[in-house]
Amino acid sequence: MTGDNPYIPYTATVEETWFETGGERSIKTFKVVLDDETVRENWSHRPGQCAMIGVLGVGESMISISCSPTEGRFLRFSVMRMGKVTQALHQLEPGDKMMVRGPYGSSFPVDDWHGKQILTIGGGVGQAPLRPIVEYVRANRDQYAGLTMIYGARTSGDLCFKGEFEEMSKCDDLACHLTIDVEEDDWSHNVGFVPQMLLDLNPSPENTIVITCGPPIMIRFVLENLKKLGFADEQIYTTLENRMKCGIGKCGRCNVGGMYVCKDGPVFSYAVLKDIPEAFA
Amino acid sequence: MLLNKDKWPEFVGRLAGKKLLAPQSGGDAVRFAPVSDGEVPMLDFKNTRVPPKQALFPQTETMYRFQLGTEEIELPQLDEETIWLGVRPCDARAMAIVEKLFRWDIDDPYYLKRRELTTLVGLACNEPGLNCFCPSVGGGPASTEGLDLLMIDLDDRYLLEAITPKGEALLDVTGDLLDEVKADAVKEKEKVVSAAEKKIKRTVDTEGVSAGLPGLWEDPLWRRVSAACLGCGTCTYLCPTCHCFDIQDETEGFEARRCRMWDSCMFEEYTVHTSGHNPRPTRRERTRNRINHKYSYYVDKFAVTACVGCGRCVNLCPVNIDIIEILRQVKEAL
Amino acid sequence: MTEKPKVGVYVCHCGINISATVDVDAVAEYAQKLPNVVVARTYSYMCSDPGQSLIKNDIRELGLNRVVVASCSPRMHEPTFRKAIREAGINPYFLEMTNIREQCSWVHEDKEEGTAKAKKLVKASVAKARLLEALESKEVDAEPAALIIGAGIAGIQAALDIADAGFKVYLVEKTPSVGGRMAQLDKTFPTLDCSACILTPKMVDCASHPNIELMSYSEVEKVDGFIGNFDVKVRKKARYVDFGKCTGCGDCAAECRVKDRIPSEFDQGMGKRSAIYLPFPQAVPAKYTIDPESCLFLTRGKCGKNPKCQEVCRAEAINFDQEDEIVEFKVGAIIVATGFDPFDASRKPEYGYADYPNVITGMEMERLVSASGPTGGKVKVFNSEEEIEPKEIAFINCVGSRDKSVGNEYCSRVCCMYTAKQAHLIRDKIPDANIRVYYIDVRAFGKGYEEFYDRVRRENIRYIRGNPSEIFKRGNKLVVKVEDTLTATPLEDEVDLVVLGVGLEPRADMRQVMDLLRLSQSPDRFFLEAHPKLRPVDTATEGIFLAGCCQGPKDIPDTVAQAKAAASSAMIPLARGKVMIGAQVATVNEATCRGCGFCVNICPYTAIELVTVNRFGNEVEVARVNEALCKGCGSCSAACLSDSIQPKSFRDRQILPQIAALGAMK
Amino acid sequence: MSADYEPNIVAFLCNWCSYAGADLAGTSRVHYPANVQVIRVMCSGRVNPLYVMNALQQGADGVLVSGCHPGDCHYMEGNFRARRRLGMLKSLMEFVGVDPRRFHMSWVSASEGHKWKEVVEKTVEDAREAGPFEGFRRQQIDW
Amino acid sequence: MNLGQLRKIAAEVVAREDVKYLIGWKQGSYGYRIAPGFVEDAAGAAELIFSPLCTANLATYLTLVEKLPVPRGQEADKRKVALMVKGCDSRAVTQLLVEKGIHRDEVVVIGCPCPGMVDPALLTEKYPETEETVEVKWSGDGFLLNRSGEEIKVPRDELLAEKCRLCRYPNPVISDILLGEAVEPWELAEDNGVAEVEGKDVGGRWDYWEEQFAKCVRCYSCRNVCPLCYCQDCILDRLNPTWVNRAVNFSENTSFHIARAFHLAGRCIGCGECERVCPVNIPLGRLNRKLAREVRDKYGFEPGVDPEAEPFQASFKPDDPGDFIL
């Protein structure tokens, strides 16, 4: 039964880890490689999908896969330390085993977006599911019109993937806009909330797809502002993070209205989501 | 086929060798319990408090075992064939309804394996309970859906109808105890069944409910009907169609297992995000979700209502939150 | 705790102390396989320098972050190993000790059994060690000042000692003068020193000491904080006399319109005073005070045309507009020296204290024999109408002491002796008096006491063993009804004067002080000390000490001894200038606390209080621990139903795995 | 019940009296059975009564809680509190059918090494008589 | 009690500015059922009843309200909740006051002296439930049923609920408004349930409870309905640390029940709700009553009668029984 038992995780080995942010709710990134070669070869995920990762004896958590399949045959997870499972995950060091099952959920329809301008708007750990898009677009540069990234956090210490932005800003048609909530020394980028920065940048809705991800309150205001800027519902995508246990549409708790976030989501077009009353609860 | 009731003990005897469960009265609450060898269960009860959904979806199921510190996973042995005797049609229907979910998209190996190993022998209801309303939701006191074999009590004999090959197999091993069905028995059956249907009083018209529910999202009725809710698990744990579960790792020394257990959308903790944010923060949202799930979401996904009208939640809700009454109010509000 | 636990296990041979009964190598081998254990070693003496170095090296080289030492009792070497691992750079609380000597190798004979048990214990220690948390003990500054409440002999003595040591003392006295009960005494047993002669110099010192800020006629209103850092608020009551201007001449009192009409507290109501008064001639400070309850001007708003006192005071010190003044200051330690009340004899109606003027208390007798007393030292009593010198005098001991019927089971410790003293003084003044003492037992336990008692008995003072049942009047005489229990003869003894040897009781207003400082009472209702034997001057609250009769009845020598003890204890934090706040304290999970306050009731150190916090706009009450007061006993935690309060290092989530480890393996 | 059955006992000892008493037993080389495993807590008042239940569920056959004699508690009254709580627990456990021989409480002072030995012997003997407590075991269930 | 008076007073109370709503009993959806009623206006007040079927203890709702985050700039609603209580319910309120689960100024307590409730199980056994609503009243020394127009008088002893047979406080111990006349407390019955268990030997008791606890589905109704189980995060289903595994089996269920009963020692006021709501009929009351009796007999303590009392579990007496100590 192991083979077709969707609840059985694969073993993977942690190759590298580093902290993205510090503090009580630190975010740690894991680069892991699936142990079994066939499994590794057969694994294919798309930007936006996630996986159930965990530690045997403690439990599992749904975490976005924060790398693009174009990056190589490994997986990356950026995990914020929240509770029981994420705490156990944080204790993993290179060489330790992590249990992984997936990939799960819907993905961003990146192939439908060919020729379009891509705008990502992220907040905090919400950048994790956006990062694969950025990477995917970078890897397939010629197929997209361009990419703009807006990313903010409370403080500079709360920004994930900091090292990568430098490099990114060097590419001429990739615009990378960073912001933090309050003024800090040695901060050369913007100061202010993400939704406001969006307004300030005033991107044109034309031929553009927006993907936003972050804390519920940020999303709410970003959506409002996108409306102001003239974006249509169909142009906007976001992800939801409801609580889930099984990841495969059985355990019941992740539903928003009639949708299961683990199956029908986590990626949703705003056109769909706006009619689901529970989605922004 | 017909089985004379005096041959009932012998019939039961023939089933020996497989694990047999039947309703038994423990104190004043009837429940399914294993039948020991030589024991003859009498099927003279209305319905069990706890539904037989546990046949396929045990309250706690070990998904796999492992030793702490290793990654070797061991699956539980699922190979015992069981026969559940005296399953009421609504409960069997419920199992069929839930199976749709467990088969949807990705198969749930545990549920399906258990279904394979289980033979469900039903018993039609001649005396429906006060809160039975199966006809309102597409069922009936002699519904066969989900069953392998249905028995209908015709006073001194049982009428046995095989529904699936598994049911037929049962008739095969007991063939010598059975008589062919004659017209009188068929007539009698019809009489019994329609009499039973007539005894169902607390019915409710569910026409249009599924389509109409989304429009009632913010209706004041939800607050009204949920105000008294205690947020306990009674209505959901005892509901034959409720199927939500929690997954937990449990350890004992170095031994550990990952298991799943019933969960309930009426619990506050059910949807709480780790951050503390709860998308369903009050009993109003939770009650609304329960009704919507059964009468709208499930219908949209699987074209069937996830309520079989067994009446358990009505009987046992400690504070008289009555799904029949809620449906009436929903109808009114439409 | 984010890092992965990396445990090192160190099993000690302790020479052969352990290894004779425990196969230490087997234990280490076993430990090596436990989850998160990086290294397990044995060594002959773990506590030795090389042993400690072994641990330290592993910490540095293998990156250990948890250490389990399986050796002797933690009561022995926990500090040693804590220090060692701290030196190697990890938090000292990342240590767990396994006792395989005192509670294993030394008490078991069978090596197999001993080894098996040692393994289990190590396993439990590893289970806990993985979950240990880093703790910091904090040090905070201590204010180099002390507050002393009550200026009887206890308070005075403590104040002088602390002040002499160079610390600031705030001495707060409720009444207008310092001195307390001792000032009321005539001579003191057993040496018969004149009380005033030995006390007055100390009172004066107190007032003039540069380090003592004396606040008489004042009361402490509020005390917050903890050892080293108490915030104190004192109310200086209005005296209506300008403290700076009053010269203490007394002209005012002499002219007061209610002169000699107000019963004097000092003279036990036997003498009279004015509304403006000095409690007694030697009072310190020698400043007058207007009693607002008897002053005509203050009670009626009018005193003749003009208040007389104001008219006569040449220093112009009288000021009726004066108001209470609140002063606030900070101290590092507090001494409570609020003393006692004499037992109220009217609570024993059978003795007729309230009915007969010639039944008096010992305290009244003190004033009566005193040369400065209301009678100028002449012993005379009113026998109905006439004033006589009593010839037949009976003392009764144990009035209000050792007496369940009034709720005082204790012995007051001074009555036997002061009765003897007073009998002696009367013998001096009325040589032909017939004096007897009714007693239950005579307790003369102090230095020189038995000798003194013997001397008094030889002065023709009869001691009759018996507890009088009744006193009534017959003609001009009082009749003491009693049974002489030695001869079993019932007596009806006719006397002129009965002196009741009243016992000592807690101050009537001590509840206020208890609430103020959150102190507790012992069953005798005096203040409860932290430990009856080993910490007799400490209270449950660190930094608060007891001196004198507020802790229990005692005589002057004991009072002074205790005052000096309290002073030296109080000076410890003052002298160090710092206090340590324990690391192993309780903490509250405010998210789950239901604010029931069980823990608040339970904490013997009043370390917990309920505070109101804002939970997403809702006000909820939750418990909060004052880490400076908490001692980490954990009693609160066992009563918290929602497990919201947990002592660090002994949390449920640290102990439960320990239990599991001990249970699981047979 | 096999003749060589050795009960497994978990004991909770307060740091100041009972743990010290047990240490004294060691220093005085008093011998006693090896069945008792000690968990040190600061005060008997720390012992959450549910520890007793938990220990039995996790595989102990008997549980002992020991603290200072009344009036001797290092924290003044922790042992009084333990007495009330654990007394209630004992009644409850007995009512539920847990053999009372499985749970004991004692006062052992720091100078009572010999008493500690007696307490251990009594606890072990009682637990032995009560037999293995399999009924309540966690690991036995549906594993 | 006069229903008119009840409804009038209820209407007055809910009309008050400082009252959010009133919780009382109203006719349920069918048969003998009674439902808790949350009354906000006079129309709602007119539905209130008080009858021998009003067994439910509404005090539990005092602590069951979800405190939602208050939007910025808004104030939390601090108005009072009015609550109808019987004798036993009023003890729950009192105990809540002792434990600061609520504060006195947050409630308006409307006391209903209670002549004793009907046991719904006994009632349905004798007179099966119907879909029509049935009115039950007190009448003289018994109960009066009105089933489809037919009046049936049943002697009190036949139907009296067990908790009422053992009730010492039929009159509210605390109330702001008292409806009707105080009732005369009656003679207490023997606690046969507890005695039955006590009559068994230790092994017999274990077997008895094993059978009972094995039935439990851990729906947590018993806990949720209990007015004194109001922890934000109950230890019985908490994960870190785990006291009781979420797996449902005899071992975990036994822990669950021991812990629950223990948590209620000296706090349970005997309203019998846990036992009433248990869907699988586990006689939970026996556990609680046994402990309540110990607390009363051995420790001289009765919870829920004095709002100023020190909580039993947070206090001690130097002479508490200690005869079990070695």
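Labels for the chains are A, B, C, D and E, by order of writing; each one numbers its residues from 1.
Operating definition for what follows: a contact is a pair of C-beta atoms (placed from the backbone, for glycine too) under 8 Å apart; a residue touches a chain by one contact, two chains touch by 3 or more.
Computed from a predicted structure; not experimentally measured.
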item	value
Shortest chain-hopping distance from subunit A out to subunit B	1
Mutual neighbours - chains that touch subunit A and subunit E alike	B, C
Most remote chain, CA-based centroid, reference being subunit A	C
Chain pair with more C-beta contacts, B-E versus C-E	B-E
Euclidean distance of C-alpha centroids - subunit A vs subunit D, Å	52
Geometric centre distance via CA averages, subunit C-subunit A, whole Å	63
Centre-to-centre distance between subunit E and subunit D (centres being mean Cα positions), rounded to whole Å	36
Of all residues in subunit E, the ones touching two or more other chains	68, 239-240, 242-243, 245, 247, 249, 313, 315, 318
Sequence positions of subunit A contacting 2 or more other chains	83
Shared-contact residues (touching 2 or more other chains) in subunit C	591, 602, 639, 643, 652, 656, 660, 664-665
Footprint of subunit D on subunit E - complex, ascending	197-198, 200, 202-210, 243, 245, 247, 249-252, 254-255, 257-259, 261-262, 265-266, 287, 290-291, 294-295, 298-299, 313, 315-318, 320-322, 324-326
Touching residues on subunit D, where the partner in the complex is subunit E	49-50, 53-54, 57, 70, 77, 80-81, 83-85, 87-100, 104-107, 118-119, 122-123, 135-138, 140-142
In the complex, subunit A residues that touch subunit C	26, 28, 81, 87, 90-93, 96
Interface residues, subunit C side, partner subunit B - complex	35, 591, 660-661, 664-665
Residues on subunit C engaged by subunit D in the complex (per definition of touch)	73-76, 99, 101-104, 106-110, 113-114, 116-117, 120-121, 124, 530, 532, 540, 584, 602, 604-605, 631-635, 637-639, 643, 647, 650, 652, 655-656, 658-660, 662-666
